[in-house]
Amino acid sequence: MVSFLSFRHGVHPPDEKELTAKLASRRMPFPKEVVLPLSQHLGAPAKSIVRVGDRVERGDLIAEATAAISAPVHSSVSGVVQEIGFWPHPSGAQTPAIRIEVAPYSPQVPRPRLVPDWQTLETKDISEAIRRAGIVGLGGAAFPAAAKMTPPKENPIDVLLVNGCECEPYLTADHRMMVEQPARVFFGIRILLKALGIRRARIGVEANKPDALAALSAACPSDLEVSVHALPVKYPQGAEKMLIKALTDREVPSGKLPSSIGVLVQNVTTVAMIGEVFETGLPLIERIVTVSGRGISKPGNWIIPFGTKIRDILEVCGGLTSDAQEVVLGGPMMGLAQGNLDTPILKGTGGVLALTRAECKTKNTYPCIRCGHCLEACPIFLNPQMLGNLAKAERYEEMLDYHLNDCMLCGCCSYVCPSNIPLSQLFLVSKTYLRKNPPRKS
Amino acid sequence: MSDPATLHDTAHAVPPPPLTQDVSTVKLVFTLVFAGVIAGVLLVFAFHATLPAIEAHKAEVLRAAIGEVLKGPARYETLYVLPEGISATLPSGAREKDFEKVFYGFDAQDTPIGFALVAMGPGFQDQIKLIFGFDPRAGRLLGIKVLESKETPGLGDKIEKDASFRTQFEGIAAPLLGVKKGEKSAENEIEMITGATISSRAVVRNLNQAVTRLQPLLLAYLDAQAKVGTTQEESNPKATASTPNRVVPVDADLRSAAP
Amino acid sequence: MTPTPHSQPIQVMAAPHFKGPDSTPQIMWSVVASLCPVIAASIYFFGPSALLVILASCAGAIVTEWAFVRSGPRTLFDGSGMITGVLLGLTLPPGFPLWMAFVGGAFGIGFGKMIFGGLGQNIFNPALLGRAFLQAAFPVAITTWSASGEAWAGSWWHLRGDNFALPLMSPHVVDTLTGATPLGFMKFEHTATSNLDLLLGSVNGSIGETSGLVILVSGAYLAWKNFLNWRIPASIFLSVAGIASVLHAIDAARYPSPIFMLFSGGLMLGAVFMATDMVTSPVTNRGCWIFGIGIGFLVVSIRIWGGLSEGVMYAILLMNALVPFINRITQPRVFGTSVKVRSL
Amino acid sequence: MRKSTAQEDLLRGIWRENPVLVQVLGLCPTLAVTNTVENSLVMGIATFAVLLGSSFFVSLFKRFIPNEIRISVYILIIATFVTVAEMCLEALVPEVHKALGAFIALIVVNCIILGRQEAFAAKNTVWRSVLDAIGSGLGFILAMLMMGSLREVIGYGTFLGIPLFGDSYEPWVVMILPPGGFLTLGVILLTLGYVEERRRANRVSAMSAQERA
Amino acid sequence: MMSELVWIFFSAMVVNNFTLVLFLGLCAFMGVSSRVETALRMGAANIFVLVLTSISAWALNRFVLEAAPYLRIISFIIVIASLVQIVEMVIKKVSPTLFRQLGIYLPLITTNCAILGLAIFQTNRGYGFWEGLFFALGAGAGLTLALVLMASIRESTEFSDVPSIAKGTGLVLIIAGSLSLAFMGFAGLLSGGA
């Protein structure tokens, strides 16, 4: 049953998921080399602990976390460290990375590992195990998962929300995860519930994934208080605040974290990966990635080790078609377009998309005609029209009065703007400016 | 221009020169009084120099207006609308500018022509002030003249400038009725000016209101007058005629003539 | 670490990479298209004069826009100037001199739009500003309505007035061929017009305001495409009908019925095509309700207590002037906050 | 700052620092009474006279006026002259006086007059102050005449009451209505701005051409 | 009586709006209309002074000026200047916060022609106490309305690509002209129905 609980506003881009929704995930052949940036997560970059020439096995720790909000990096292949230097990062910058040449003829089997016994572990040991496994939010933001699990004492968590919405068009990685490994998802939930000391969890899945809903409902263990909810198909249903609103009818206060209203949200793939840690002992080294788009010859869902370069992925999938125009990491609404195909994929990369000229046709920009469509679209109820004006006039500090900080750059305003004004880009620029030049408190 | 402070500066152009020494209060007061005295002297002088011309012009305007709406009376009397009725004299101590006035006109043979009345009321833009001749016995208008109006130039101000509109009012009986141009069917109907219906209508309405208000008073005055006249005619037949024609400053007249 | 160049050009754009289906020129041209039935109806009722007047005001609007954008950004082909021209033409009487219509279009675009920087930046609806200018400049010509329906003696091909008056010269008006609008009848003659005539448009009036039904259908199409905010016409209709009903209930002889109020004069055209102009209406939905109710209130006030028989144009212009203020006080409540963005 | 010459004092106010067209002061009379040339002219002359008289007296007595109460004294002087001017107008041209109405009295608060007293008359000799007052006054009259003639010619089709275009001219009534006042001044300022901009652009291009040569 | 007071109020507020129709108070209108907050405060200060002026002008007319009509302009302007001064001192004493908000506008009001204009119009029309009071309230409301409209419009044109020659006064005048055109819709309000 489709829940009528949802959030207000939002947009309905074409979902395009039929390209890959029915394709089972397959392991992608190992490339010749992988490049593992030290910064694959939000927070402080990890610090390399290997040297050039070191031989590493799959799953070996190669860089360790340096702060509370940070995550270690593990080698996703067995091979030899070739270089520790700067490499193009999906964000467009050159960042420190470890380049590992994949050992030819290696069976790529991880070393045998000690599997932590979740039933005997304390809360803090569970989150430590998660932290050590390098688990970050796999929905795209890549926030270290363990950091979320130690909320302040005054706001105890009372419900765990599992985000299976995957509202970005084209992406089906979470979808395949739910269809193929529902048991692992519930195992992850079980561990998280134990770690948090609570009993309730809710899974939200957009109603356009009936097979995932069915698989989850069928696999739902009877001893857990877990419910599976079908949510209306609307972008950005998968945004944390929107999901919380839809599943609990609570609003995250402006400027606060979900924990302040007693909610913890984890992406469904993240939950499954946490499950895997306690099943196999393996850290986070690979994930399901949707390789899709009208500009790709053979779309599919692939299990890809982190650090694999876009070029190698595209090659496996038959290369770009002649009308491909843009290569995007992530979804078409929030993903980053890549100008360099040697950029590797990261932990947070759920999709590699090649978009055609027709899809992202560059339209002329017109002056704002104050149609108000952006206000109708903004899920946070901001006034993007006013914010856009202020951003263009470079009056960044005034933008804070209009709650620029609440903007999550979901792109709804840009999507609907008939004048094609790059609103979310302007907001990104403004946010960056304000981060570098914090306003003086008056 | 955006900052009020700069505007202030523009108004006063430059910052005041720095204070060099304390000026005594006596000097301040003295300067002000001195300046005031000079100003006062200058004003009184100018006032008296210009007063005759101004008064004469005002009287002329009133005379001309009354003359126009009463069709050239030989003389006229100024009467006051007192709470108890219309009277030729003011109660003792009352100031004449506090009372509405009507003007009673006579022709060369000293037969009464009618009254000149002032009507004032809202028009299209602002108040319209009219003077009109009225014969209360017959209930007929004699003529109208607009004294003051701010109606749309070229359109509403035709009530003032368009003679064909004004002449319609001559000799017709109140209450008046405004109709569209070319649709006049009864005697008391007034054709509106094309495109200035509101202004035309305002004239008609103001006239009707003034007539309703003043006609009973005027009739009462005439009745009383007739009674006095019959008794007086025997003893002093020239009494009415010899009443001096009182010319009062028109400015005060017209201002207080408003309802 | 030098990446090998890709065989085909890859474009790097900011997210989102998808783009919604609407575009500004498309919206503008859709409005023009949806005005076509209204234009057709006006030609049916008023003959070739209607077409001539609309063409003249369009020419005024477009020539002015062309003069301004020769050196600026090219917004000439986005259709917005066309809308101004057509809408202005539709608000003029059929016998209006063409040179005056041209002046109106030029004024509307020049002083109503280009002076503010062109498309999207104006405060007042350019068409209505042009109309208000014409009303103030040539008050007689703009209130000279030709007779229509059975009162129109000539053939369909006859011009409905002195359309071809020489520039700067007064038009010749033959009094017998003119007639009052239903609102004029109501206000000055206290006579009513049949509701069916009002609905179908066989009454005197401006070129485009006479057929309420055609306008409603076009408006419904635009609302369905989300090219106009339905809240604006809805709130105008509701407030006009509401206030008129109350007044009508108090004194039916003095105040006309709500149906009459809705379908007479330029209310339909104004509410559906002019008040909903995106540029000059509020951006927030709450603001749109306030805007519409304000227009409705002003329309009724001017029609009943004001000096003019029709007040739609002035009501919309006055509320246009208030739009920046409305926008200011109706900032949306941001998710997760309960206080407004800025208080006064 | 360089001392200005007598000639500059006189000419400055007429065009280069025209109180209305450049400094945008005294808008109230400029917009309110300029619907005919006659009204504009009379208003301009009345303001001119008041400005001249006040400047003369202020500069004459400047040494005796204590700084603390100078504004009050200026206003007193101005108000006296305005009252005299009003009486004279009423005696001499009663019809125009009626048309100008309250706006004659409002000369008192015309920023141009107080501004000239503060900015110039209070600090300069009588002769210079009179020159300055004449300059500013003429500038004001010039602006009034520009407004008045534009509005009357277009709005009535007449100049000083004389018909210009014959009977069938359609007057643009809007020009003599309040919106016409705002729009006319707006158009004048825009035109001046445009001319100035063009001139500056020409100068710049001429200079760069010189540099290239 | 009541309906006439209502008419006086609305006439002064919209039909003959002091700023947009009678051109009074233009200095403030042009100078203090770039921010809505400032415009609102300026409007409030104006309403206050207008009401006091109306009462004082009524008293002057009633008790002083009959004897010496030639002192009209002088006495009005002196009374207004002193009024503003007194109001300034009182506000400073009573509410320093309000003084800080209104302070800079008060001296401006002395040379605001709307204030003197009100006193003179009121005298010319022979208004009594109540009529004068409603006239002042209407005029003040009208001034504030015009100021706030202009300020909010100017705030929104800050984001527009106004042609360089129109920046500043030119644009403000054109906007004022447009507002004035729109206000023509009020002409004949409350006097049209018969």
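Note that the chains take the letters A, B, C, D and E in the order they are written out, and that residue 1 is the start of every chain.
Following the convention adopted for this analysis, a contact is a pair of C-beta atoms (placed from the backbone, for glycine too) under 8 Å apart; a residue touches a chain by one contact, two chains touch by 3 or more.
Keep in mind the model is a prediction, meaning the values are calculated, not measured.
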(request) Quick one: remove subunit D in your head and tell me the pieces the remaining chains form. (result) one piece
(message) Starting from the defined contact criterion, work out which chains touch subunit C and subunit D both, please.
(response) B, E
(request) Would you indicate which pair of chains has the most C-beta pairs in contact? (result) A-C
(message) Taking the mean of each chain's Cα atoms, which chain ends up nearest the overall Cα mean?
(response) C
(message) Can you tell me which chain lies farthest from subunit A, using the average of the Cα atoms as each chain's centre?
(response) B
(message) Report the inter-centroid distance (CA atoms only) between subunit C and subunit E in whole Å.
(response) 33
(message) Based only on mean CA positions, could you tell me how far subunit B sits from subunit E in angstrom?
(response) 28
(message) For subunit B versus subunit C, what separation do you get between their C-alpha means, in angstrom?
(response) 44
(message) Suppose each chain is reduced to the average of its Cα coordinates; what separation in Å results between subunit A and subunit E?
(response) 60
(request) Give the residues of subunit B that touch two or more other chains, as numbers and ranges in rising order. (result) 1, 10-11, 39, 43, 46-47, 124, 152, 154-155, 198, 201
(request) Pull out every residue in subunit D that's touching 2 or more other chains. (result) 24-25, 71-72, 76, 79-80, 83, 87, 111, 114, 173-174, 177, 179-180, 183
(request) For subunit C, write out the residues touching at least two other chains, lowest number first. (result) 111, 117-118, 121, 133, 136, 139, 307-308, 327
(message) Touching pairs of chains, all of them, please.
(response) A-C, A-E, B-C, B-D, B-E, C-D, C-E, D-E
(request) Spell out the residues on subunit B that touch subunit D in their complex, using ranges where they run on. (result) 1, 10-14, 16-17, 19, 23, 27-28, 31-32, 35-36, 38-39, 42-43, 46-47, 49-50, 53-54, 57, 61, 152-155
(request) Within their complex, state which residues of subunit A touch subunit E. (result) 367, 389-390, 392-393
(request) Spell out the residues on subunit E that touch subunit A in their complex, using ranges where they run on. (result) 158-159, 161
(message) Help me check something: in the complex, which residues belonging to subunit C touch subunit D?
(response) 100, 111, 133, 136-139, 141, 165-166, 168-171
(request) Can you check the complex and tell me which residues of subunit D touch subunit C? (result) 165, 168-170, 172-175, 177, 179-180, 183
